[in-house]
Amino acid sequence: MKKKILVSGFEPFGDVTINPTMGIIEKLNRSHQGNVELHTIILPVVYNECANVLIEEINKVQPDIVISLGVAMGRSAITPERIGINIQDTVGEGASGDNHGDRPFDRLIEEDGPDGLFSTIPIRDITNELKKHGIPAQISNSAGTYICNNTLYSVLLHVQINQLSIRVGFIHVPATPGMVLNKPHLPSMDLELQVKGIQTVIDCLSEK
Amino acid sequence: MKKKILVSGFEPFGDVTINPTMGIIEKLNRSHQGNVELHTIILPVVYNECANVLIEEINKVQPDIVISLGVAMGRSAITPERIGINIQDTVGEGASGDNHGDRPFDRLIEEDGPDGLFSTIPIRDITNELKKHGIPAQISNSAGTYICNNTLYSVLLHVQINQLSIRVGFIHVPATPGMVLNKPHLPSMDLELQVKGIQTVIDCLSEK
Amino acid sequence: MKKKILVSGFEPFGDVTINPTMGIIEKLNRSHQGNVELHTIILPVVYNECANVLIEEINKVQPDIVISLGVAMGRSAITPERIGINIQDTVGEGASGDNHGDRPFDRLIEEDGPDGLFSTIPIRDITNELKKHGIPAQISNSAGTYICNNTLYSVLLHVQINQLSIRVGFIHVPATPGMVLNKPHLPSMDLELQVKGIQTVIDCLSEK
Amino acid sequence: MKKKILVSGFEPFGDVTINPTMGIIEKLNRSHQGNVELHTIILPVVYNECANVLIEEINKVQPDIVISLGVAMGRSAITPERIGINIQDTVGEGASGDNHGDRPFDRLIEEDGPDGLFSTIPIRDITNELKKHGIPAQISNSAGTYICNNTLYSVLLHVQINQLSIRVGFIHVPATPGMVLNKPHLPSMDLELQVKGIQTVIDCLSEK
């Protein structure tokens, strides 16, 4: 039986007026072929909503694997995240807060949650597979302290508490060329290559 | 009458075992359509040969415009160069020298040449046109002190001394994704986008 | 009564032939004045020894606070670490392994340990205090996966398991100017300023 | 007879509310000892004034050597400049223009001036001497297109046109730690080390 994979992207936020994860999701939906049953969803960039919306969809879809995608301005490679941590902090992000104006400062995501939770997808295999396909990739040891980390941590915790047999991961992708036209010192990656990358991740996961 | 444009690339050198400028030239030769008569050549990465080979081709082809392409590891955008300077220096490049092992150290290219010579293509128009087409671009104020700068300076000087009505420019392109698989912190740009970029440059020049 | 603070540094490793944390410790020992009883130790850069040596010293000294110092080439500010994670991995470090040639690859530090453990010193207060004293500082969300992270995680776990009332932190410092003479694109910070920074951290902790 | 050296700094501009070159000049004036007759001046950050003010001072002082200092946010080493180029351009600087609001766009400094002029101080010797004294240093091949480059180019041209036997150079220094408190990813260098660096440059020049 085909594995069910739920892939999430994010809506635009702050300076990111076009979020490439929406484009990846759209193209996957159109062109995806293969060994898995693909489900997708776009999440709000809001601390206290992002994970809930995804968890609702998890409950509905009952996937084998959940992969969340987020964009990381300044990164040049596709970076599977190793860990989600129990913190919400917009200070380091220099951000004006999330899309509802929430601007936490060293705030716990879950009062009694563990400090960190490892992603449960095979990040090393994925990274190696991406490189084998000619796509720059590297394991990341920090998903930051913004919405991306929040989503990863919360979903990992949900799966752990409810003892679900769902594997959970988060993958940061670079900006697309169109996003850095006025910041030409920042790296970017073509949307086509990002889509190929995420398709490669899905293929890799379908076999594990 | 169609303008004649001569575009040069470089052979591999040092760690750059596949030089994307060769790929760009190959694809331009295959797919180029349009308003210009395109000529191309691949240059040796050798201080005392690079410019001579190009100048011979210039004498043969008699182009209206000469554009040399080079790869700049670590750059994230297509960068038209503003100036070539009268120096050969591999110190700053940390390099093992050129492909013949020549490793100059603050050596003049031309004993009595001017210190610097501005590129004679419209670098601002080109940069704007690239950005208009969604391609990260930025004017660069230094082509370095390696073979790329040497080629630009020598050809500009040749044209100046011989009072030829040829416009001369140099454009650095980023690494391709395949070149940074083991250096995932370095930026890259898809070869397709680089080709689109250079095609855009050619289109821009054909109209000026 | 004065608080007891145990500060650790590291011996040289790899390209780091002079470890500035040794210099900081030496200068603190010589010039430290003030409100705390200062103890210091230099740790081996060896995965399966670093934490044990520090824990032995903790047992002997019975400190109120343990601060480990490590150098992070490429960082420009003093960076208190937020979290230690349960992993040993030299892949991302591009390193030849630790000083005994151990080169782990996604290896757990503690088979049944939690995935991550937050530092228990007030990293935000420390960072603010450093900046108030004119010293560039920033909370870091990843201590890497090398000896530094290993030390932080293992000591945090030791303190947690044994329910000790000891606060534990890790602070990365930049390279010193002498370390980047042949890598002039890398940032550095004067040893004097680093010492002032760590003294500021100690003063901050003595009051909390 | 002692050589006369004229050293210039710049007033604050844009985000640079405290210009470290003023601090360097102040400390040199107070503590400078040695083999040269030192003269100093602070220049306005205004395209059409910076060089004139310095040239007036040159006419008055009749120095053997003129060294201008400028700050380069983002650089980690002391960088003697190789060349000044005949252009004023604030686009790449992302700046709001000079201190009089002048915001040129690919404008020539001197209508009929040469495209570039090499610095006439021994930049390689200076760089080596700085490194020998433990100070990160590197030759820079671009002084940008802002006031710093303008000053270097204009003074070099003045000296050339008037056939003066004055050597002219420009040295960029990093930000100081206090300037990057809210930009902790940017490198900095202690003012004391910068002063030691410029004193080392002066000593080096006094012997050549």
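In this document, chain identifiers A, B, C and D correspond to the written order of the chains, with residue numbering beginning at 1 in each.
In this section, a residue touches a chain if its C-beta (ideal position, glycine included) is under 8 Å from a C-beta of that chain, and two chains touch if they have at least 3 such contacts.
Here the structure is a predicted model, which means the values were calculated and not measured.
For the touching copies chain B and chain D, the fraction of interface residue numbers used by both exceeds half; the interface is of the same-residue type. Centres computed as Cα averages put chain B at a distance of 30 Å from chain D.
A straight line joining the Cα centres of chain B and chain C is 46 Å long.
The distance from the centre of chain A to the centre of chain B, each centre being the mean of the chain's C-alpha atoms, comes to 38 Å. For chain D, the set of residues touching two or more other chains reads 138.
Pairs of chains in mutual contact: A-B, A-C, B-D, C-D. Within the complex formed with chain C, the residues of chain D that make contact are 76-77, 79, 131, 134-138, 177-178, 180-181, 184-190, 192-193. Chain D contributes residues 82-83, 85-87, 89, 91-92, 105-106, 114-118, 124, 138-139, 141-142, 144-145 to its touches with chain B in the complex.
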